[in-house]
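My structure is below; once you've seen it, I'll send some questions.
To keep things simple, chains are lettered A, B and C as they appear, and every chain counts its residues starting from 1.
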Amino acid sequence: MQVFPIRHAAAILKTTLAKGLDGHMTTDIINILMSGIFYASTLFLLAAGLQLVFGVQKIFNLACGSLYALGAYTGVVFVEQFHNMGISPLFSIVPLILAGLSLFFVGIIIERGLLKFVYERDESFQLLLTFAVVLMIEDIIRFIWGTSPKSTSGVYLVYGQIHLLGSVIPVYNLIVILSSLLIAVLIGFMLMKTRFGRIIRATADDRQMGEALGVNMRIVYIKVFTLGTVLGTLGGALVIPTTAAMTEMGVELIVMAFAVVVIGGLGSMKGAFFGAMVVGILRSFAISTYPELELLLIYLIVIGVLVFKPEGLFGGSRA
Amino acid sequence: MILSANEIFKSYGDFGVLAGVSFQIHEGEFVSIIGPNGAGKTTLINVLTGLLKPNNGKVFFKDHDITGIGPAKLSRLGMARSFQLVNIFPTFTVMEFIKLGVLSRQGKGARFYAILKRDREVNEEAEEVAQIFHLEDKRDVQAKNLPQGDKKLLDVASAFALRPEVILLDEPTSGVSTSEKNKIMEILIDASKKMGIKSIIQVEHDMDLVFGFSDRIIALHSGKVLADCTPAEMEKNEAAMCAVVGEKGCFKICSSLLE
Amino acid sequence: MGSEPNGSFAALIRKRQTWLLLAGILCFVLLPRVGGQYTSYLVLTFFGYGVALLGFNLLFGYTGLLSFGHALFFTSGAYTVSYLTAKFAIPYMEVSIVVAVVVAVVIAALIGAICVRYIKIYFALLMLAFGMLTYSFLIKFYYITGGDEGMPVLRPHLLGFDLSSMAKMDFLTGWYYYYVLTVFIIATWIMWRIVSSHFGLALRAVRDNPEKAYYLGIDVRRYRWYAFIISGAYAAVGGALVAPVIGNVDPTLTYWTHSGTLVFMTLLGGFTNFLGPLLGGLVYIFLQDGVMSLLHYWRFVFGAMLAFIVIVAPGGLAGAIELIANKYCAKKGA
């Protein structure tokens, strides 16, 4: 039994650095980084959706993980359909993206059917409502797809692998990372340059501002929540080739997503990005050195952030 | 000298609110702080009561440096405050509200095991306070169901229940109809005498009340003390009056001088 | 919100309070005779959860802090019993309960020191995280915790009596039932004194208006911390009481959805009322038993119920009862 895990991890770091460009160790680092960044990419999509909704509507959507799971299952279905239609697996990314986007209506249903009734209520109650949504979506998934995990076959490997600095990286991972980056850029562009984005930023700062500007807040809320939903479902769909869709996916992700938004700062997009990177790489590092500490390590950072800089890296004056 | 503010500076980023405020309050004084909106009055109260830390300057209370120590510690030292905007515990009944102040003063806040209703000391003292504030017939009404004037009175009553030596009242009669204002002021003065309060500082807009009750007036403008003198001296300084009070007040003063 | 109702129905209740309580206790006492073993078994689990719920609502209903990770204390209590009876061969239930409280107080003091600086969402989610951290810890450190299979709970000695020769259900619905009922009554009485105390009033002030509470000399953070510790201790006692009933403790006890169950029970019964969460716990346990056997998709049903409660009837069952009864009393001119 390893009594001093920190020593163990530090030892790995030390040998890695000492051996420098010795191929084997660098490969380890590259692998850790790449899988960390890959995980971060999907986490970012989820966190971005969370931040958007929190920034504008001040609601922390516990159901974001469930939406992620929903996206994953739908992704499997869409990919299978594509295969059945005889389209080459190389285009699998298309049905995955379509799957993510097609679930936008779920966002509308949740927002108009449930959320709109609690905007003026206490934060705890809003949180409880999203918890109710978690329960409902969980059983909806069970109802449609049953309890056994679903996965796509062969899609992952279809894209092949490339060699980077001595380590082998699946191309699909790179595609996902690039897609996330692209979406991050698009979101950034939207927030900075479009009218809708300006409205979002204004209401994030000051809720009444939006109404004062004569904007129809109801429509804004619907749009924002739908966008947040789609980001979550997209994240889930994109991750499908690498893992199976399971009902527990969503639940475990909440813990990660919370870590991301605390580290990055609640309500901040930049925070979602950097928070996701920190969590993703940290997790990857922990898994390959001392897996028992995976969650603990991440949460030690979370507690550290909460104690020393409660607004997070990029957060505003909200705690 | 019971309370003194020394060169208080407070700004939010680049936005300066208080630019060097100094004054002293002595035992037995009733001081009114006046000034137009935005002069920094509420910020000053927040700094005086230790809620806000000033960027520069200190506040002394009975020789203790109380700058930024926080309202809880301050209330134990003997200073309390009421709020401009109604600040209540909505679900509390009137008696519960007052009892909270009383038990806090008696140092019984952390008693887990004694039943509050049976605590005679607390009950008697709370009853006393309720009567002084003419709230005893509303004792079981929930705070949120009280009329606006009574809500403010309750806020003040709970602060008085702490039996502080100095009390700061932030616009105690705002939101109250003109006919009620004098009555409230009288209740406050009466309460202070009965409960051993040594000094009262109030922020007030109603000039009749200010001139009718104060021993001293401190006029605040743009974060600075414009004038610090007795009501009589203040009336003579028309220029200061107009600058601070604005046209409406000027009209009143001018018209009363003309009579 | 508020726990001192002013309606005439409440006043009516208060006059006959003692009689109603005695009647309730009598029902519980007689249940194993008239209700059958299975019902008694369910009510037995209710007693354990009831203690935990009292603690939870001290934090939520009275102090205004929603914890989505309270199951971790419940679990600590349960695991304590398992360790003591199985691993350390100390079979005395009384020892288990005391140790469970001590362990929970230590954990709560540490976690609370971090968490009470935050409120609302941050607090709820931090507790969720701590709950899941506990889950992760229990699974991964399997060499001390038994991993995902968990550990067994041996039958404890009650008041020094070794009852291992009895049949399981006879033990549970006989001796153990009355033992737990007694602990439940004592725990409820203690909690009633706590919320009726000076401290209780201060907590409600902290809940309603922390700023004003500061100005009345109440150290808000410290009082939240106290409430957190008491609430954790109660949850641990609840878990300790339930452990011998389920016979085996495993990490799923601290999964966030189990914490969610505590929250749901409280909301269902009504958090604005002292007895509300207890009512919610009782109803939930029977509901779950009934619904789960009929419906495969009980989570959806419970989710929908929770949504309904949050949107339409946040006062829960107790709130609804009060509302209806007040109208009835008003009509009668009571």
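Here are some notes:
Methods note: contacts are C-beta pairs under 8 Å (C-beta built on N, C-alpha and C of every residue); 3 or more make two chains touch, one makes a residue touch a chain.
Note that the structure is predicted; figures quoted are calculated from it, not measured.
Separation of chain A from chain B in touch steps, taking the shortest path, is 2. Of all chains, the one whose Cα centroid sits at the greatest distance from that of chain B is A. Each chain gets one centre point, the mean of its Cα atoms, and the points for chain A and chain B are 50 Å apart. Inter-chain centre distance (chain B to chain C, centres taken as mean C-alpha positions): 43 Å. Centre-to-centre spacing of chain A and chain C amounts to 34 Å, using the average Cα coordinate of each chain. Among the residues of chain C, none is in touch with two or more other chains. Touching chain C in their complex are the following residues of chain A: 1, 60, 114, 117-118, 122-125, 127-129, 131-136, 138-140, 142-143, 251-252, 254-255, 258-259, 262, 291-292, 294-296, 299, 302-303, 306-307, 310, 319. Touching chain A in their complex are the following residues of chain C: 60, 64, 66, 68, 114, 117-118, 120-122, 124-126, 128-129, 132-133, 136-137, 140-141, 143, 255-257, 260, 263, 267, 296-300, 302-304, 306-307, 310-311, 314. Looking at the complex, you find that chain B touches chain C at residues 49, 70-72, 75-76, 80-81, 83, 87-93, 96, 99-101, 103-105, 108-117, 119, 122, 140, 142, 155, 158-159, 162. Of all the residues in chain C, the ones that touch chain B in their complex are 1-4, 6, 193-194, 196-202, 204-205, 208-209, 211-212, 214-220, 223, 226, 230.
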